[in-house]
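Lettered A, B, C and D in written order, each chain numbered from 1.
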Amino acid sequence: MNIVSAIILTAALLMIIAGMFCLVRTYNLIRIIIAIELAMKAITLLLVFSGWVNGNLALAQTFVITMIVLEVIVAVVAAGIIVSLYRKNGNVDIRELTNLKG
Amino acid sequence: MQQFFIVLCLVLMVLAGGAAVMFRSMLKSSISLAVASALLAAVLFLMGAYWASIFELSVCSGLITVVFVSAVSLTNTDRCSEVRVREHKARVAVLPAILIFAGAALLFILFNSDFNIVASATPASFSAFKEALWSLRQADILGQIIVILAGTFAVIVLFKERDNI
Amino acid sequence: MEGQGIIFICIFVPLIGAFLLPIIGRFMPRLRNILALLFVLTAFISAAIALPQALSGTPILWQMELPLGFTMGFLADGLAVFMAMTSSLVASIIVFYSFGYIEHYPNQNEYYMMVVLFIGSMMGLVFSTNLLLIYLFWEISAVCCWRLIGFYRGKDIVLRADKAFLVTVGGALLMLIGFISIYVQTGTFNLLDMQGNAISNAAMVLILFGILSKSATLPLHTWLPDAGVAPSPVTSLLHAAVLVKIGVYVYARLFLVNFQLDAVWETAVPVIAGVSALVSAGAAMIETDIKRIIAYSTISQLGFIFLGLSCGTMVGAAGGLLYILMHSLAKGGLFLCAGIVEHSTHTKDINKMGGLAKCLPITAVAFACCAFSVMGIPPFGGFFAKFMVINGAATSASPWVSVIFIIGAVMTIIYLLRVFIKVFFGEITHPDIKEGSWEMVSSVSILAALSLLGGIFINLPSYVTTFIIESLGRW
Amino acid sequence: MITFATISFLGLPLLAILLLNIVRKETGGTISINIGFVVSIIQMIAAVVCLSLLWLHGKDFIEFSLFWDMNATLGSARFSVDLFSLVVLFCIGMVSLASLLTAKKTIGAKALNYTNLLMVIMLGMNGIAVVTDLFSLYVFLEITGIASFVMIALLHDKRGLEGAFKYLVMSAIASALILGSLALIFTQTGSLVYGDVANALADWRNAQYAPLLVVAFVAFIAGFSIKAGIAPFHGWLPDAYQSAPASVSVLLGGIVTKMAGVYAIIRVLNSVFVSMPMINQTLLILGLISIVFGAVAACGQRDFKRILAYSSISQIGYIIIGIASGSLLGFVGAMLHFFNHATFKTTLFVNSAAVEAQTGTTDIDQLGGLQARMPVTAVSSILAFLSMAGIPPLAGFWSKLLIIIAVWQSASVAGGAIALAASIFTAAYFLILQRKVFFGPLEDHLTEITEAKGTISLAAVLLSIVTVAFGVLFPVILNFLHLQGIL
């Protein structure tokens, strides 16, 4: 394994860890989505890296493009839900989401 | 040289990602995310994935940032982002330790696996990319069409319709 | 093979007919009642028609080949037909009794449907030759029992119905685990293919749990007294005709006819039965609720049946089988009498009753006859059956068990006499009550008469049961 | 004929979306629901047609494509239907129909949006059923997910938005896990088509990259377990089910999470990760935890829909252990249980929709004795529940039996026994629910309630007929499967 691959994998892992850390650390709904986006960056990197490794970069790029489209739509839906929640609750605090208990 | 730039961009990207986590202000967080995304685009470009890089730059670091910034401004929550430090001191200390430990274990596993690298850093030709996209990935293109439809309906439901409750 | 149709009539007329009853009941309640009785009687008559062939040595058999060893079939051998006749006979008298008892309550459509479905599942169970079919009908009967116990819909009543359902279904699940372990060993669920196989003790314990939960024997008996909140015809059905007898029958079918058991069970099962008989007899002596007393007496008497079937001698097994018949008739009668008493006095507490023999003379006589049969007073049928059981136990490998049962029999006499005297003699508490409707009174009279006749003409039933047991060729 | 039938799975909902948005806004409501009926009924017919053609020609699967040339380069992401996907496609049509029947009475002014999203979600689920490529599988999973978030939030109420957000976050995490694992697998295989990956992984045990694949598998199973709501990863599922509008819960509970999680796991296990004991054992343990946990947790709930949600977790466990047994019998059992779960769980959600529509609440403490007032709902719920608790002769018993025999024979005796004994908890929460809602005395404030007329009752009746018929005719079905050489 060459050094660049090692650094790429490390960077991807660090981004995922940053995302997970952010996910459990925040009360803010928007920041939760930012955390997920951070993790998705790492996944993008991993996908291109895998194409780079096995020489099938063209295929890897098509994956990345499809994935980016999906990512955007998820972000838009999430933002829409957050804005609607803000209109109901007056804030974007996860501690306010207590209507569902069992 | 190229490898040096890849590494440099990666380091900067991780730093920007960390900044996105650490900033108190939501606006600054979103912009850090955009920067991380742009740096990722640079990495992808250097690795030879040109089209992925263009998409990453325009869509992720452009469009998604717009979405986040609008969400932040629509909800006026730029400043009220509180952090869970006060209530769960113990948990906040333990968690990074677990994460870093898990990460180290994963890295160890990955470094011990032997990647048979075939063609590192050979940029894909446009024709190969076109072939891959249009004839191999028909299902994904159909999926993209459907997901854009879904996004449209989502916007209609979530933004356009006035709620009557 | 001739006459397979008769088994199908016997099983499927009540099973399918049950679902017609609520539809008919919406328009013509009277017709529904008559049809319900007719369906059950059909089962009885077709079982009776099948009797000669069943005893002839070439029983009627119908089978459907299925992959994976799921092969299903119905077999009308002597044991099955005897059981089917006993159940459907008592059940048809109970259905007739319900005409009078149930007519003022809501949910009658459901009641008749469930009763007939109950009988149908019993008929299906006795003829089954497949462990899966046995389980299938077993669970249908549990569902019927659940709806029937909850007939009055009170909060407490429904809770007890749930308890009964949960206990019997839990036992049945354990039994199914046992069945599957047998299946994995042998590769089939078909009983005919594994005649004479030995089964593992683990499977035996699991199946025994199922049987004990259904027959309400000691560790799993508590649901049965609680089920007394149901209408009297239902309790009578549970105790006398169908539910508890299912457990006994499956025991006979699996462990007398089919599987070879470890010798240890010839002691273990009688001991469980003996403890159950004594403890519940003790409980019956201190209870004051008339239906609970009779319920505990059922648990106690089931001990006798189990003893007979499990003691390992031919006389005992024949006696156990005979006692199934005699106990069904007598216990059915006792519950129906208790139903009349409850209907008239609106109480179940024996301390609040007395001197009812004046107002309810026929009921009192019928109650006495049935009680004598259960106590084992000659010349009633119960005497001969009990005598055979204890005789069989005394000549078996562990004769000391019979001592326990003699004590149990004495206790039976005491607590049944106590009930009888408290309720029907002494101070008159309810001077202005009347007998129940003619359907109710006549059905208890029939049951009492049958208990007596069964004793007087004991030759016929005892010949049949002995013949059935002999033809198994075990001893 | 066959081309038409196969293409209708993906083409018809697309066409319907076009049609739906051409009609004028004012009349859109009723027409859109009717268009939905047509689409779901045609899908059911198409599934049956394909199934019979499959048997007539004696084939195992049919390949097809939508717009492009079928015979393009090797390794392209093409579509294919086989027995299992056709059963599943039939279920999708059936549950969509039930959801539409429920929606007709309850959805009101949102009919057009609802139908549009239903078409998208059908496209997503049909896509999951027919793709032959791991990445396309992910794409369609995501489509299904996005459409379901929006459907949960359709009414714009606080609860719906909250449930949708929780689902979205968990689903996004699951997607990240799945995609990361795909990237790791892709490094070694160079393709994500099922067959290619299976070939590349065939000798995984001896390969140098085995540790890498272990990481990939862990991420993969975790991702799909989140999507399926298997026990340690189930947090979002009850919230999502409870908060969704009535007709959407029907859809979610009946089919969506089963498609997104369970079907995907089964498909991948069957065509890609063939016979890997490590994965099978993990899934067996997860499945058993789900069965026991879901059933026990359901006993403590006080909301009709939440009980159903927890019971879904429990029932999914049965499907998972069936497939984890690794034998053909287990696979058939899992397939049949999938179908049965779709019928009886849909029935129950339709019943909860009926109760909600008539009484305005799903809190079981406020209900009681509804059987006298709503007989159709009560009887169909009893049948569905008995089927779920595995009481013969209803459908659920047979599929559970096959699964348990398979587990017992091939994997572990204890597993089979636990799975079977856990049915007692199913019976327990069934009794609690029946006692509080339908059985028992009629509450005073409910005396004015009437049966939910029209399409809701129709849906309940149709589904009950399927449950009963499947159970009673099971020996015939068993024989038929045997003749086809499947068992």
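Note that a contact is a pair of C-beta atoms (placed from the backbone, for glycine too) under 8 Å apart; a residue touches a chain by one contact, two chains touch by 3 or more.
Note that this is a predicted model, so its numbers are computed, not measured.
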Identity of the most central chain, Cα criterion: D
Of A-D and A-B, pair with higher C-beta contact tally: A-B
Whole-Å separation of chain centres (CA-atom averages), chain A against chain B: 6
Whole-Å separation of chain centres (CA-atom averages), chain A against chain D: 27
Intercentroid distance (Cα basis), chain C paired with chain A, Å: 66
Mean-CA-position distance for chain C and chain B (Å): 71
Multi-chain contact residues (two or more partners), chain B: 106, 110, 113-115, 131, 136-137, 140, 143-144, 147, 150-151, 154, 157-158, 163
Where chain A touches two or more other chains, by residue: 16, 49, 51, 53-55, 59-60, 63, 66, 70, 73, 77, 81-82, 84
Full enumeration of touching chain pairs: A-B, A-D, B-D, C-D
List of chain A residues in touch with chain B within their complex: 1-2, 4-11, 13-22, 24-28, 30-31, 33-35, 37-38, 41, 44-45, 48-49, 51-55, 57-66, 68-73, 75-77, 79-84, 86-87, 91-93
Complex contacts: residues of chain D adjacent to chain C: 329, 369, 372, 386, 389, 391-393, 397, 401, 404-405, 408-409, 413, 416-417, 420-421, 423-424, 427-428, 431-432, 435, 439-441, 475, 478-479, 481-482, 487
Chain B - residues contacting chain A, complex: 3, 6-7, 10-11, 13-14, 17-18, 20-21, 26, 29-30, 33, 36-37, 40, 43-44, 47-52, 55-56, 59-60, 63-64, 67-68, 70-72, 74-75, 77, 80-84, 92, 95-96, 99-100, 103, 106-107, 110-111, 113-125, 128-129, 131-133, 136-137, 140-141, 143-144, 147-148, 150-151, 154-155, 157-159, 163
Chain D-facing residues of chain B, complex: 106, 109-110, 112-115, 131, 134-140, 142-144, 146-147, 149-151, 153-154, 156-158, 161, 163, 165
Parts of chain D lying in touch with chain A, wherever the complex brings them together: 135, 139, 142, 145-146, 149-150, 153, 156-159, 161-166, 168-169, 172-173, 175-176, 179-180, 182-184, 186-192, 238-239, 242-243, 300-303, 306, 310
